[in-house]
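What follows is a single structure, and I will ask about it in a moment.
Labels A, B, C and D are assigned to the chains in the order they are written; within every chain, residues are numbered from 1.
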Amino acid sequence: MSETQEFEPRIAAFFCNWCTYGGADLAGVSRLQYPPNIRAIRIPCTGRLSPTFVLQAFRQGADGVWISGCHPGDCHYIEGNLFARRRFTVLKNLLEYVGLEPGRLHFSWISSAEATKFQQTVIEVTEAVKALGPCRFLRKDIGMVA
Amino acid sequence: MSNPYVPYPVKISKTLVETEDKQLKSFWLDFLDPAHAEAFAYTPGQFAELSVSGHGEIPIGIASSPTEGDTLLFTVNKVGSVSTQLHQMNQGETMGVRGPLGNSYPLAEMKGKDITIVAGGFAVTTLRSTVTWLLDPAHRGDYGDITFIYGARTPGLLLYEDQWRDWQKRDDINCHVTIDREVAGWDGMVGFVPTVCEQVAPKPDNAVALICGPPVMIRFTQPVFDKLGWRAEQIVMSLENRMKCGIGICGRCNVGPEYVCKDGPVFTKAQLERLPAEY
Amino acid sequence: MDNQALTQGIREAASRLLAEGTVDCVLGYQAGTVPMRERPFFAYNPEEAQRLIWSGFCCNNLADFLIRRPAGEIGKVAVVAQGCVSRSIVGLIKEHQLTREQVHVIGVASPGMLDRDKVQALVGPDKVITAAAEEGDELVVEGPGFNQRIARNKVMRDNCYTCVQRNPVIFDELIGGESEPTHGGVIDKVAAPWERLDPAGRLAAFAENYQDCIRCYACRDACPLCYCHVCFVDESSPQWCGKTQDESDVLTYHILRAFHCAGRCVDCGACESACPQGIKVRRLTSKIEKDVREFYAYAPGLELESVPPLSMHRPDDPQGFIK
Amino acid sequence: MSDKILTKDSAASFLAGLGGERDLFAPALAEGKLAWAPLEPGREPLWEFSNTQMSPKEFFFPQTECMMRFTNQQDGEQGMIMRPEPELARERVLVNMRPCDAKAFGVLDLIFCQDEVTDDPYWRDKREKSLIIALACNDPCPTCFCTSMNCGPHSEAGADVLLTDLGGKLLVRGVTDKGEAAIAELPEAVPEDIAAAASAKEKAEAAITTSVEMDQVKAREVMELYEAPHWDQVQESCLNCGTCTFCCPTCHCFDIQDETQGAAGRRVRNWDYCMSWLFTQHGSGHNPRGAKKDRVRQRFMHKFKYIPVKRGGEIGCVGCGRCVQLCPVNIDVREVVRNMNA
């Protein structure tokens, strides 16, 4: 990356199918502008999100990871996001304990009606990750082709 | 020094989905460099590591015969990650072939003898190579009667139909093709391979049998041959095990002291009786 | 009670249980072939039970062997269990890997188990130790040209210093009575030593801690929590974690393994005792243990009834970090 | 074979002279652990030490080794075509290797370089570019049983040069042509030095207290050893971890995997271990060594029967005792072989 070019982070974004993914759709339909740095990955529920996915994203070169699902009480599967909340708490603490910079891993509750919150959060997440620069945490590097 | 781990680059010149369940797909491969084709001198019964860069390698028996020219034929069963990837590849794409690996069917020792070949399901690959090789005018005269028994569950699961239809028309090979159960439109034999073997009753005198198939077929075919008076030394089988290096180092394919990739894959039943059944 | 008396008590209990047919097998410890390395032993009859022993070097977590026996072979087994092993058994019962009826717990109060690496380091890394025997609060270590007495509490396993539950939490019989409760030391301080570092420093400390890892998976295989039929590191499609020695692959393995133990790890120290490279494997699990205790007021392995913290939720669970 | 003499005072400068274009390595103590490390030219190596925790096989057979690289795209002439990694750029001198470790490389030569087809270029390259200076072992550990395994504390096999510590000086024996060339400039040893080395050898061999008989293992057929009942006990406590295989100087099984990252791709090999169920798992789900017992048995059968059968009687163990020291459940190879031989 040349110095003149601004760093554009790549952010793996895991969205619950029932809420945040709908929120993203609505943001799109509503023509709300947001930075193009997120790569949306649809998952059935935040409860489905294995910590493995998060590590895999960082391993494969993500500069940030954002996970978003239904507000507590709104889960399509009743309590998937509540289990997920505990898991995220432990995971976030663990990853930051072993050196992941705070600001790389984000969580949010965004319903399918909250297009504006979606837009706002993309902006917030992108800015936070951008400020940290490229991520080295767990990034797999196999070297160049000879 | 040549590096036995580096595959020869090849181009897929043709593909064909062989079976109705789409689990088996054939690949015809041409070497990018003619010198590699020359270096890849093989004998029926040998296998090669098919290499898909980024995914890995799988050991697959060579189904073509060297008598057919430089194009190699492999028929691949879709089971793991490499074979699944391979199934998605098409004509014109580049991949790799490493080999030929392993020993081969004992074609020299088989000279002057009657030969019975029994194949079940997709284990027919290297036997297709063998029959093609034996029927080549340069070799046919060296061998006695040839009997080929081939079975699959349904007609749609039989491989290489063009070939065996052709062999059925010839008078220098007895070709019996069977399916497990009656199906509308099938005019051939019906019955399990062991039963067909019992009916055909190949004679053990001055003869060799090559038997390849799924474990269940092997289990029921062996007693038939025993009853017909065949000795374990006359029965030749080909084993499969998980492999990586293909040249007898990496340690996972061994059956007792024998490495399936290097000392095999072809063993006589007599040899296997003295080894742990780790296959 | 000294080791001889405990050994005698274990042998008597085992002989009785086997003779009466109460259990099919007694899982205990046997003297190892090298000093300071006692090993798991399966006694099937009263004669074999005479080979059971007790010492401060009984460091394998025997609960691990309850779940590593081939399915169908689990009849009723008696297990020699110190505090941490009993907590592991509680966890396994809670997670439906065992039933309470399948195990007969022969409880032994742990005096704090000893770390052979620490003993070796103390007498000198190049000294050959030919014998090590406990005498009260001391360990007598012998070898060619030396005979050294070491205070027991200088060479205990790290996890034994912070342990607050040395007595078995469940047992069917107790050999040698309960031990005095321990205060457990300053667990929060040792649990998360990297907390004072900045992110770069933490990552460096983390990587350094695991730099000698050879990925033999002894930590996983010695752990009674790691009973998955297919471990995530062995998954091939998709492959979650590369098989190489690259830092990224090694660290991914350790993070995920530790995470999988969240709310379950009873801090038995079997992973550290098993590691051939002497890696401080508990650096991660202790941190998680601390978090789980702080956030959800839960300590694993103490009673059979409670629900593991990551298998439940409460409406008011902390979520300050969620936007 | 010639015998030379080298004083310990001048050893550092002698080794530095061997260095030059080559990299020097020797066992060194770091944070209480004995491990192989670069030896700065001019520094004296350790003369007294026990076995390094891990074997030095990493020098010839790294735990992770890139074999080839490719461009990860189908389009373009060279896409997806494997290119082997370049060879080792600099030669190496491995100083003060234990004779058992050196012997192990002799055994592994027979496996990595069997014939025209099975000739591992990665192994061969590193072997050919290394000079092994072994240091005879005068104080064997209680877990050593090298004398039972076609080896010994003063074994010369696999080494280019064998040093014997005679106090202030070293007897330097050239074992191979490469070794002879390296020591050509040193002064000749006198008969007294040679006699002293011989008596040191005798003393060291006598100090090895464990002996393990192999006669019955040799005499028995594969299936008799395979079906023996003692495997049921051996496997009971085994964790199926990779400790014994990874610390072992002769264990050499490996896995080959491809890795990609954007346009780059590589094929790497990693140490693998027969204790892992994945090692032999077929794509179909069938596993020829599906039970723990099968896998535990495989390791010992491979070392003590299969390798001898295939490699002219060479044993796949040199008696270094590392696995005895490190096995988390103290499965003692000496006991296992005694059971096989019983």
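The working rule: a residue touches a chain if its C-beta (ideal position, glycine included) is under 8 Å from a C-beta of that chain, and two chains touch if they have at least 3 such contacts.
What you see is a predicted model; the values in this text were computed from it and never measured.
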Check: Once you count every C-beta pair in contact for both, which comes out on top, A-C or A-D?
Finding: A-C
Checklist line | Centre distance in Å when subunit A and subunit C are each reduced to the mean of their C-alpha atoms | finding: 36
Check: Any idea how many Å lie between the Cα centroids of subunit A and subunit B?
Finding: 50
Margin query: Taking the mean of the CA coordinates per chain, how far is subunit A from subunit D in Å?
Written below: 47
Check: What is the distance, in whole Å, between the centres of subunit B and subunit D, each centre taken as the mean of its C-alpha atoms?
Finding: 38
Next item on the list: Identify all positions of subunit D at which a residue touches two or more other chains, and write them in rising order.
Entry: 70, 83, 255, 257, 259-260, 265
Margin query: Multi-chain contacts only, two chains or more: what residues does subunit A have there?
Written below: 140-142
Check: Which parts of subunit B, given as residue numbers and ranges, touch two or more other chains?
Finding: 80
Next item on the list: Please list, in label order, each pair of chains that touches.
Entry: A-C, A-D, B-C, B-D, C-D
Notebook entry, point to check: What part of subunit B is in contact with subunit D in the complex they form?
Noted result: 1-7, 9, 51-57, 79-80, 83, 93-96, 240-242, 244-245, 247-257, 262, 274-279
Checklist line | subunit B to subunit C touching residues, read off their complex | finding: 80-81, 84
Checklist line | subunit D-touching residues of subunit A, taken from the complex the two chains share | finding: 60-61, 140-146
Next item on the list: Report the residues of subunit C in contact with subunit B in the complex, numbered from low to high.
Entry: 236-237
Margin query: Applying the document's contact rule, which stretches of subunit D touch subunit B when the two form their complex?
Written below: 67-68, 70, 72, 74, 79-84, 111-112, 114, 117-121, 124, 221-223, 226, 252-258, 260, 265, 267, 272, 274, 279-284, 288-289, 294, 298, 301-302, 305-307, 309-310
